[in-house]
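Next come the structures, one after another.
Okay, so chain A shows up in both of these, paired with chain B first and chain C after.
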Partner chain A sequence: MSSKVTNRIALSFIVLCALIMAGTLAALLGYLLVKGVTSLSWSFLTSESSSFMAGGGIKDQLWNSFYVLIITMLLTVPIGVCGGIYLAEYARPGKLTSYIRSCVEVLASLPSIVVGMFGMLIFVNYFGWKYSVLSGALVLTVFNLPVIVRVTEDGFRSLPLHQKEGGLALGLTHWHTIKTILLPAAFPSILTGIILSAGRVFGESAALLFTAGLSTPNLNFTNWNPASSDSPLNLFRSAETLSVHIWAVNTSGIIPDIQRVANGSAAVLVICVLLFNLIARTVGKMINKKLSGKQ
Partner chain B sequence: MGINKTVTRRSFENKPESSLLKDKGLIKRFTDRNSEGRGKLYIYSSAILMIAAVVSITLFLTLQGLRSFTVDHLNIWDFLTGSEWYPDRAENPSYGAWPFVFGSISVTLLAALITTPVAIGCAIFMTEVAKKWGQRILQPVIEILVGIPSVVYGLIGLSVIVPFMRHHFGGTGLSLLSGSIVVGIMILPTVTSIAADSIRAVPDSLREASYAIGATQWQTIWRVVIPAAGSSLITAIVLGMSRAFGEALAVQMVIGNARHVPHSIFDPAATLTTIITLSMGNSTTGSVLNDALWSLGLILLVISYIFIVIIRFLSGRRNAR
Partner chain C sequence: MVVQLENNVSCFTGTPAVDTPVLIDAENVNIYYGDNHAVKQVSMPIHEKSITALIGPSGCGKSTFIRTINRMNDLIATARCEGNIDYHGVNILNPKVDVVQLRKEIGMVFQQPNPFPKSISENIQLPLKFTGERNKKKLKEITEKCLRQVGLWDEVKDRLDRSATGLSGGQQQRLCIARALALKPDVILLDEPTSALDPVSSSKIEELLLELKKDYTIVIVTHNMQQAARIADYTAFFYQGELVEFGTTKTLFTRPEKKNTADYISGRFG
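And now, the complex of A and B:
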């Protein structure tokens, strides 16, 4: 009898765990919905932040987040995809390959603040780029690279072998087979991974603290010349992103409406990340459908 | 490739101007021997870049981290075990990193302690108790929780958990425990999804054998499934701990940033990451404080490497079996 009672108790504990997990998510989203979304407004999204008065917005921070994200992706995707192709197609089992594999693993598991400190040492101090969009984007590239490498490698490995054999049998070179046959076939899964990793980059803050800085110069959104100092496109200006802004407002902010700004920014941040997840899913499904429909 | 070359040479050397294939540039694409070389160049330079990134991170952070011992002549042992961090004291400034090392270790352990039962419970729920709909509900929950940025966890910890602590346990509410809870919630989805994978990998024949001799579901889970998944469950927990250890901003917002060793879990504390976050921006490059902070970063790097080695060891043992 007692084993049945234990069974009952243990199983209800397990169900409780599942409820805790689902409840955590519900509470998080509920909080953001109640506290965050209610403090959102069009003017909040389109006005500049204020350092000491109430009523500031997040226009610059939002722009910086997307700008840093785009630069990061431009740098990461080619390097990461090539690295993944190396591991999936060119790497012969041996010391070098296992060393590269360990390197990817190490990069993936280093704390982001350590990567940020490295960026501060090299890009900010040594290269003298100061706190800038470029330093931030380069650090995030280091941070994001292992994810893209892994996604690409998995995408290539999941392809049926006969596709590659078909290409080689036609007399194509290995690289040409990769370029024209394997890469397009693996594209949907790689793209899904890239968009998912974009969500991760978008929310990253610790690595950007020492590299992209805690402030933004006054931006002139009518000046799109990347060389001028008040242009939003300038790569060498400091750029506080949205997630860093949430932290900065809470730790050192002196504005009276900290709660409103922080909650609103958090809601925007989470909505963006959720959108990235949603887009990744739909794009993956759509491309899959298109490809399988064609065949 | 050899055949291809001879064929094209034979058929097009005589009358190259009439070749449709050549006009379209197809022959060039098929016989361009440089393309392979160019492709390899891209591929290998990316691979080398990854090695360079790891080597330079390790090298530069080590060199910079050792400066406080080589240039500023701090005693390594005093630095590691000293419990007084007063870099701004006018006479006799002291640099003792022990409160931060202690804080980091205790936040990591407490977070693992909070997360492990819930995470393994969830994993069992997904894989054993409610295989179909549990999976369908919890999988998206995990994916969304993983995606939420750490600052948001910190913010919600600050505005929900900290007031709760203040109300029930007194003090400011900013404490070691608040930090651990926030980090624990943060690593929950990661640990759960890896634990679920490892439980799924246990072969069904073991479960069937256990049910066949009359065991209840819980007996099967507790005596058969969990021991069989053993070392991979530990890997999941260690992975979660390594994430907890490196987390910076979320912890910084709720832990209270005291510079002494906390007396209880309700006291404010600090970790390696939080002190670096707080002081790095204010210190001038080359000052002793700045060098000491880099040394803290070096400790962080070393412990991250230790975690990596442990995880490799655990997963290597699993593969060998």
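And now, the complex of A and C:
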């Protein structure tokens, strides 16, 4: 077989694989959106879900999803970014470092249902926080932390060495070099990683089943005092998120319009994740431009 | 042989060395990367307010040696240094030396121009702000002064807020030199500063260095023998980790003592 023919075969095979991948994605998205968009409406997004009558919405679930996400990110980003900086910049190669790194890898590859069980035992039972926003967010933190660590470490490692040398050669301390030169330079890639991981956290369900719960108390969206029990900001109330809602409605729902609610919720979920991805790209580019001065 | 040496003499246009006091004195310096003995028993002086060139073929240890003078090799986990490099009565290689302070006094410019991906003025002001300079007027003054010193002011004065990565390679390298000057160092180390640049930019940098040596002590690593001959007052020839010969540039290029030196500068190898 001539090398030209081999070349063509290889090319066709690779293009075929790419098409299969893109086709699957397009079909899946199309299916979800086409089926779901018809049930989307403003009232669907802004009305409360109903337990046995038709016509319920997803207001509380949508809010819970975002609220749990924000709390998770507040916990993960600082710890994860610092951990990543430690691994990339300070950790000397050795037993401790490789131990930490393998812990991060194992943590990242744990099945989410297992992390959920762990969360139930520790946060829900042992600490007695019951099914709550806090338990859910902490479990998602366990789940998301290794991702942020990895993203930060990779972001720092992909910077050219001469940037760090440049900073140090100017008499900057290591920390100041990290703070003023390396972190801004790595920021766009770290931010992209954070937002992409946000999409994953937003869509997580298994880990939340036993930690954030399958129900939401009646929320009063005019009461923003985090200490009161019907406030949307209360950390110690149970909080059914959107993806958990999809699961719950499908497995044990007794409402007549299960299909409509499930399809609509799925569409909202997918649209949100798509938005995260788009935002990740544009914000990353914008910040990169801003930090590096006008071109 | 004589003819070839004559050729080299003709390219020697640098000012003849004036004997200035020794500022940095290296004695029996050995540098290892793991088991690799990269620099062997090097002893040489670096004279104040003059240009000292380190020449030699690739892998001869000249870059390793210059990176040791401001302890940049600390970044390499496997690197290990022994010996004594005296600077104002202190051994630079002493682990107790404050490397941050040391690098403020002994600045460095690298082979690859490495401006930070920030605006041109921020590139110069960043290290100044670190040292505690907050006065905006003063910062602007120093920025202008340093950019003038490297002959970049007229080229960039209208776009100080633009990204430094948009400059040409030669401009970037001059910005890196300006950035090092802003800290008022004693010594500027340059590790092959022109090897990534075109000939016109290179000759601008050479002129700049000749200007700067009036106020600064300059050590330059170069692949380019003609460059050493043109600008250096003193030249050190490194070969396989050893310092083969050190002397005034004129002596080294016209009457080299060692056969290796003569072979290298006449282009027999390297």
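Here is the rule we use: the second predicted complex is superposed on the first by the 264 of 295 C-alpha atoms of A that agree within 3 Å, B and C clash if a C-alpha of one lies under 4 Å from a C-alpha of the other, contacts with A are read in each partner's own complex, and residues count from 1 in each chain.
Definition applied: a residue touches a chain if its C-beta (ideal position, glycine included) is under 8 Å from a C-beta of that chain, and two chains touch if they have at least 3 such contacts.
The structure displayed is predicted, hence computed values, not measured ones.
*Asks:* By residue count, is chain A touched more by chain B or by chain C?
*Replies:* Ranking chain B and chain C by residues of chain A touched puts B first.
*Asks:* Contacts for A:Tyr31 in the overlay, against chain B (first) and chain C (second): which applies, first, second, both or neither?
*Replies:* Only chain B; A:Tyr31 stays clear of chain C.
*Asks:* Have a look at where A:Gly166 lands relative to chain B and chain C in the superposition and call it first, second, both or neither.
*Replies:* Once the two structures are laid over each other on A, A:Gly166 reaches chain C alone.
*Asks:* After superposition on the shared chain, which partner residues are touched by A:Pro93: those of chain B (first), chain C (second), both, or neither?
*Replies:* A:Pro93: touches chain C, not chain B.
*Asks:* When the two structures are overlaid on chain A, which partner does A:Leu291 contact: first (chain B), second (chain C), both, or neither?
*Replies:* In the superposition, A:Leu291 contacts chain C only.
*Asks:* Could you look at A:Asn218 and tell me whether it touches chain B, chain C, both or neither (first, second, both, neither)?
*Replies:* neither
*Asks:* Of the partners chain B and chain C, which touch A:Ala185 in the superposed model: first, second, both, neither?
*Replies:* second
*Asks:* Of the two partner chains, chain B (first) and chain C (second), which one does A:Asn125 touch, if any: first, second, both, or neither?
*Replies:* Only chain B; A:Asn125 stays clear of chain C.
*Asks:* Based on the superposed arrangement, let me know which partner A:His176 touches: chain B (first), chain C (second), both, or neither?
*Replies:* It touches chain B and chain C both.
*Asks:* For A:Gln259, select first, second, both or neither according to whether it touches chain B, chain C, the two together, or no partner.
*Replies:* After superposing on A, A:Gln259 lies in contact with chain B but is clear of chain C.
*Asks:* Identify the residues of chain A that lie in both the chain B contact region and the chain C contact region.
*Replies:* Comparing the two interfaces on chain A, one with chain B and one with chain C, the shared residues are 171-173, 176.
*Asks:* Within their complex, state which residues of chain B touch chain A.
*Replies:* Against chain A, chain B makes touches at 1, 3-4, 29-30, 33, 35-36, 38-40, 42-47, 49-51, 53-54, 56-57, 60-61, 64, 117-122, 124-126, 129-130, 134, 137-138, 141-145, 147-152, 154-156, 158-160, 185, 188-189, 192, 216-219, 221-222, 239, 242, 245-249, 252-253, 273, 276-278, 280-281, 285, 294, 297, 300-301, 304-305, 307-308, 311-312.
*Asks:* In the complex, go through chain A and note every residue touching chain C.
*Replies:* Against chain C, chain A makes touches at 92-93, 160, 162-173, 176, 180-181, 184-185, 291-295.
*Asks:* If we count contacts the way the header does, which residues on chain A are in touch with chain B in the complex?
*Replies:* 3-4, 6-7, 10-11, 13-18, 20-22, 24-25, 27-28, 31-32, 35, 78-80, 82-83, 85-87, 89-91, 99-100, 102-107, 109-115, 117-118, 120-122, 125, 142, 145, 149, 171-176, 178-179, 196, 199-200, 202-206, 209-210, 214, 243-244, 246-247, 250-251, 259, 262-263, 266, 269-270, 273-274, 276-277
*Asks:* Within the complex, which stretch of chain C touches chain A?
*Replies:* My answer: residues 70, 72, 75, 77, 100-104, 107-110, 112, 114-120, 122, 126-127, 130-131, 159, 161-166, 176, 179-180, 183.
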